[in-house]
């Protein structure tokens, strides 16, 4: 079955999303991570806009716009300022070395593709096959959160996970109802600002954003 | 109308206190807003009693049935009593120099926003908004947990944020799957996530998708309930945050999270139909997680040295018990689960109030440092002792009634689970009682607390628990039965 | 048939003759980017001529293998260059133009190079051979993954059919090929001893890989090896073109398209060479133990490309 060009571009952007997820896993610098996060947001926003255009689902334009403003412009800008102010942009070795992380990542991708297969067969959207990529993005972001010990990479992992979920919603059902999406975006925004405050608190108390200092609370 | 007041009052309270919360009388204003919220909740309850079991307001955006109105009333009530308790408590903290005006403003403002988010979660008809408000409730409390800015409290808040954030992301995926299944039946657009609509067509929803959705929803919201093995944020957040926050987290937030799980369970059970005799897939999962939480928490209680951590684990244990009860399903178990939820909220917040004063007096949260409460301040001592007895399920307190109902139902329907439950409850009983006894009756040289502790909330809660243990008013019982029926009993 | 053989010969000779030119172009671009005055683009030809005119010096301990290896390596590379569709598709050699066979030919050349390097028994030779084997051990699976992705799309491992599918049917975007392209680029830089895995101009003992192996060669032997190296770069480049941007390669029997195909190929090579020199100018050589990471990433991208193919394109 020949696919339309719109769909091919969406597929390409989906693949790009996955590629960026892997690049994030292998990225050692925080500033690079933020740039990648912005690119991921851009790919997401573009694919959402193309879906909106090719299917006539106009509320998706809103989603694409919110993504563009929040995740491509506002948050990366905020994070850049944050790392400048906190002066934390250095190379960080993740807790598991990168090739191992990558191999785990591949396993996760296979798992996600298998998990998504039955659901995507049930879906009626044109871009249902990208659901697997969305799930893989979620899992990879989760992996990144596990393997990083610094605060900002963990948060970027969290936001990348949100990107993946957002993409899942778009590919399975053309996005959630607009109210819900607005609400989610608001939550994410508030969350990031709460975290901004929080970073300063952590920094003030520990003189570092390394979470290794924060392993005192354990069951003895 | 009441519903707009119910949500509007705490929200405007949060705004007001955010702007003027550094005034001297901020605690009183906080209590006033909480009181007004309680009035609105009572009015709403009265309306439900008068106008029948279900009201859908605001073009389907909100809906109230016996299940959530009972939680709304409970939430508003505990929020009010906690605000009463926090009035003197936070004053003393400020005098001890642990807090300043700026942080108190943050505290009061976030407190109101937190209450508003929980009430929104309870009353919304939209499963998506339910998610949004659950996340908002988390965000409102993150900075409360780290209010003292100690290393431990920051760590606890970070853990709380990350674990609950990851958990709640799973719940978002579950919600997406739910919408995916619903869209096929209800068509796309805003109505496909309305719970009332979903409930009407639940039998037509795609079972496999809903099963998967429920797993994600259970894991996601279950993290917030504090179900093992996702519980590790809970004791830290409870122990390191200010005591009023521990009280509302334990007494209210856990309930609201469980409420979200229950709403999803009703849909999944409907979609799966009665293909299998006995326990549904959702019920089985909940029983498993519940039982695991009860057992894990009971054995971890034994090892605690910090009094607030110990009672936090006790919260995990009781939420596990409630989850188990709801998992069993059926009218009796659901009734018992609801009753236990109420009892636990009232008792646990009362205990945290008493513990708060006790730790303030002793200057430490370590149980070895707290001794002889009965000599220096008998009211706090008795409050803690009675609260402990109540939460451990000693008759005639209400917890006994609900635990008794849960265990007898378990014996009847799932006999294999009974030994685990009894063992866990026994271990918890022995360890908690053994710890609290010297705290209350031991020897001490500490002077009495210079302030008048806020003991009205403690004894008000315990009185209610005692009353409900001895006699449940018929309209309340009726109400519980209706709610249990809604849960698929 | 005759024209086919003729065309095949022309294409192979063209590859052999053009290869040093590509090398010269890359060096020139790199010099420009580094702000040096560039050697003329024909510099590699002059170097080759100079080397061929010299007398060869061979170590006493060298075995016949050492003498034989350069011819073997050059032959392998020339064969590989002849197999890849450069300007025309579906030539007489085509049935042999199988991507897996191609990987085998490259491996054969590499084995001889490594053996020859160890043959003399110098420390540098063994060191270089060992490092080369490490790199190729990691690069080969990644290269195979790239080829598998391409052959999954066209249902064949034969290059002419792959080119036919990609270039002469309806235009389709294959996301998997995007992954494969990135992986292929990474593998090529490693296999051709370019930055960031190896530095072709270095003579620093601690870091060199390829240069360490050919230290003992001189005169015509060295000339053959240098030429083979240029040929390898050329082969990889046209291979990349055939796999990822094949538009312009003439179809079977389409002689009218040949001039255009030649122009298209030259243009693509110019762009590719410039891109390679740009990469060399902006990036630094990684430490040797980071090379596995680099190639691991390439392998991973190849696997991802395959997975994506199964997800999106079936």
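Here the chain labels run A, B and C in written order, and each chain numbers its own residues starting at 1.
Here is the rule we use: contacts are C-beta pairs under 8 Å (C-beta built on N, C-alpha and C of every residue); 3 or more make two chains touch, one makes a residue touch a chain.
Just so you know, these numbers come straight off a predicted model, no measurement behind them.
With every chain reduced to the mean of its CA atoms, the largest distance from subunit B is reached by C.
Taking the mean of each chain's C-alpha atoms, the chain whose centre lies closest to the overall C-alpha mean is A.
If you average the Cα atoms of subunit B and of subunit C, the two centres end up 66 Å apart.
Computed centre separation for the pair subunit A/subunit C is 37 angstrom, with centres defined by C-alpha atoms. Separating the CA-averaged centres of subunit A and subunit B is a span of 31 Å. In the complex of the two chains, the subunit B residues touching subunit A come out as 126, 128-129, 131-132, 135-136, 139, 142-143, 146, 149-152, 154-159, 161-162, 165-166, 169, 172-173, 175-177, 179-180, 183-184, 188-190, 192-193, 206, 208-209, 212, 236, 240, 300, 303. Those residues of subunit A that touch subunit B in the shared complex are 118-119, 122-124, 138, 142, 145, 151, 154, 158, 161-162, 165, 168-169, 172-174, 176-180, 183-184, 186-187, 190-191, 194-195, 197-198, 201-202, 204-206, 211, 213-217, 219-220. Contacts from subunit C toward subunit A in the complex involve residues 170, 172-173, 175-176, 178-179, 182, 292-293, 296-297, 300-301, 303-304, 307-308, 310-313. The touching residues of subunit A, when paired with subunit C in their complex, are 2-3, 5, 8-9, 11-12, 14-16, 18-19, 22, 26, 98-99, 102-103, 105-106, 109-110, 113, 129-130, 132-133.
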